[in-house]
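Across the two complexes that follow, subunit A remains constant while its partner is subunit B and subsequently subunit C.
Up next is the complex of A and B:
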């Protein structure tokens, strides 16, 4: 599969999904006017990737701010991963948070509560 | 702004291009002036050359040829007449033969008539002077001064003598060819013809060019024999010419017959003079002309040249100016292009500004509508008692709202945050608002959990039509509080918490993790009302995520829930309205210069 790479912008995060290495990276802030339009191709890419039966998938998220709609989209993305995890896929997510930024940690914690696959909050 | 930027370019154009244009125009002017002047000088020199080498020479040669011709013919005639042996014999016999006398008179008058000459014979022996007009006119006497020419001629020993006779009264000039009859050393008398030179004098007039020219025939002493001006005849040429020129003429003419051209500056300008000794006699023909007269044509040439130079100049400068300023000047073209683009941008900006202002106006109007569905502060005060509201949409209108309804036993308060902000968010709030009114009017006493379930169901039905398409997956986060006048409070939240301040503590009651109205939002039995029995003075706070999400501070982090909770805790001593103001101030100072991220709503109630 072709690597998905989207450059970071003021309101959208860097997206670097590398199917060869099985590593999906999201880094930055996310509050675009229309988050669904931004995340739709990303979620589709992930679904297609998961359909190709990868052995392991690692995720590295560093999201300093995500607005409500964006978090909804990220939830969709993680829902798809959760489903594959339930079907036996090995997944680990490392969510990097600034140790001084409580908001980031709160945000990560809220996500963490919702999923059963390995979800590690890494304070940096 | 527009005019000043236009003027700026104008100045640049003027400064840059005008220098080039002026420089080029000066060069063109100089070049054309040089061309004009040089062609004028060339033409002038050519004309002078032609005048001196051709025109003057031609005039002089033709006049002298004419005079020579006449004199030669007159000389021939004179010789024939003077050497007639019969007449010589008749003269020597003392004019005794009366028969021959008749024949002689006949011959004399015939010759005169044919040749248009005055014919005369003078007998040395008798002194008789015969002419064709009066026949025997006079008898010569040595004592008479007027007859001296006769005796001078006889003793000269020269076969032919020329003599000019002016008669000023009659305005006549006659050339007399005095020829010795027979042997010049022993002549029988003097015969000859008189040629009226009046017509030559007239001829002279024909050759004159303007008033500045003179034609003279002078003898070897410089005496004027013939002039086109009769008054000058008999005078001296030295009166009309500078002395050195006069001397030159006499010297040169005595040395040969060749034609000479001389130029000199007279009292009234440059003059050209040409002279030649006649072939038929020693007389000299002199033709003098003012240069200005001959070059009169030059004036018209000069005017023509000036006019054409001016026309060519104007034309060239116009062409050059047009070419340089419009077509070939990329600098100016760029500036013009820039101006055009700027103008276009200006127009578009104006258009956009107008459109933007229309849209903004329309949104402001939408704001009044949105505000009208929000309960007024009077209503809030009446139903809730002491409270504060911080409602700050990110863009004029927004997706945040609060909703209040009085029930039989108390009131129900909803704080919601619909997906999106701005106009899309506001549209959502309208839909949610009407659904909420619908839910509560049907059944006034309803638990917050049931409201969430009902709202979820109706909203999904209304918005998403179970399509399963992400692009239209809209919904809201909400906190619903139902208060009963007995002091019992029921809370249920969908991704939104309730903060309760009681006995100096702030407790967070978390809402359900699902939002309302989304495709995947399902509320089953796991959601239930949180029931709290309140005491007087307890405070309830509901907030959308806008407040805690707002970035700012020294590291530009989001505000965070913990900081919000701590702030609430630290300001519990303040009256509730003051606490609201304090929270707002705190937010503003934390936000600093950062733009607002999301719609913000915070509601606090003291019970």
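Up next is the complex of A and C:
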């Protein structure tokens, strides 16, 4: 599959999903006017990728701020991964947070509670 | 001529640090976010996390943008657009975000009811509700994230969400909301 790369903007994160390496990176802030329009092609890419039966998938997220509707989109993305995990795919997610920023950590923890695949919060 | 010093004094009396009045856009929200982050992290005598204030500001501003978007075919659409104001201020150690906009009277009571309901919930119940609403609906839903912003504000607010509404005429009211960050 073709690599999905979207440059970071003021209100949207860097997206670097590399199917060859099995590595999906999200980095930055997310509060665009229409998060659904921004995330729709990203979620579609992930679903198509997961349907191609990858061996392992690693995710690295560094999300300093996500508004509520972006959170919903990220949840939909993680739901797709959870489904593949239930079907035997090896997944690990590392969510990087600033060790001094409780707000960021709380946000990551709330996602962590809802998933059963390996989900590590890494304080940096 | 407009007496700007007086206007500025009034803002200071209400302890307003940042204020934007007029037609909002996503670009303005982004600029203000940068400005708030800069000002808050430069230490305005507080240990508060700027992200908490920014998140409340973004949800309020985007609620207004989205609401106005829904009123696109309303005969008073221009009035809706021009009515928006957002202020961020500091009361002692704590920040507040107060915003106002024109609202259709048909939408007012349901909104006030929603806020009263959120104010009556305990933190645990708010969290459960937040996660429930997150799970409802897909990407194609028309009201895709309706209400999530308010629940977020209720969760992050230090005290119940405050609101006030002032009737303009039979159809419209002016609505304002305050969240103590």
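Note that in this section the second predicted complex is superposed on the first by the 124 of 124 C-alpha atoms of A that agree within 3 Å, B and C clash if a C-alpha of one lies under 4 Å from a C-alpha of the other, contacts with A are read in each partner's own complex, and residues count from 1 in each chain.
Operating definition for what follows: contacts are C-beta pairs under 8 Å (C-beta built on N, C-alpha and C of every residue); 3 or more make two chains touch, one makes a residue touch a chain.
Source: prediction; values computed, not measured.
Student: Look at where subunit B and subunit C land on subunit A after superposing the complexes, then choose clash or fit.
Tutor: clash
Student: Have a look at where A:65 lands relative to subunit B and subunit C in the superposition and call it first, second, both or neither.
Tutor: Both: A:65 reaches subunit B and subunit C.
Student: Touching A:32, do we find subunit B (first), subunit C (second), both, or neither?
Tutor: In the superposition, A:32 touches subunit C alone.
Student: Is A:40 contacted by the first partner subunit B, the second partner subunit C, both or neither?
Tutor: Once the two structures are laid over each other on A, A:40 reaches both partners.
Student: Regarding the shared-chain residue A:10, is it in contact with subunit B (first), subunit C (second), both, or neither?
Tutor: A:10 sits against subunit C, while subunit B stays out of touch.
Student: Which partner does A:21 reach: the first (subunit B), the second (subunit C), both, or neither?
Tutor: Once the two structures are laid over each other on A, A:21 reaches no partner at all.
Student: Of the two partner chains, subunit B (first) and subunit C (second), which one does A:102 touch, if any: first, second, both, or neither?
Tutor: both
Student: Please identify the positions on subunit A that touch both subunit B and subunit C, taking each partner from its own complex.
Tutor: Touching subunit B in the first complex and subunit C in the second, residues 31, 36, 39-40, 43, 64-65, 67-69, 72-73, 76, 101-104, 110, 114 of subunit A appear in both lists.
Student: If you look only at subunit A, which of its residues touch subunit B in the complex?
Tutor: Touching subunit B from subunit A are residues 31, 36-37, 39-40, 43, 64-65, 67-69, 72-73, 76, 79, 98, 100-104, 106, 110, 113-114.
Student: Which positions of subunit B touch subunit A when the two form their complex?
Tutor: 417, 419-420, 470-471, 473, 477, 495, 513, 515, 518, 520, 545, 548-549, 551, 555, 557-563, 597-598
Student: Could you list, by residue number, the parts of subunit A that touch subunit C in their complex?
Tutor: 10-11, 31-33, 36, 39-40, 43, 64-65, 67-69, 71-73, 75-76, 101-104, 110, 114
Student: For the complex, give me every residue of subunit C touching subunit A.
Tutor: Residue positions touching the partner: 26, 29-30, 33-34, 49, 51-52, 54-55, 58-59, 62, 65, 127, 131, 134-135, 138-139, 144-145, 148-149, 151-152.
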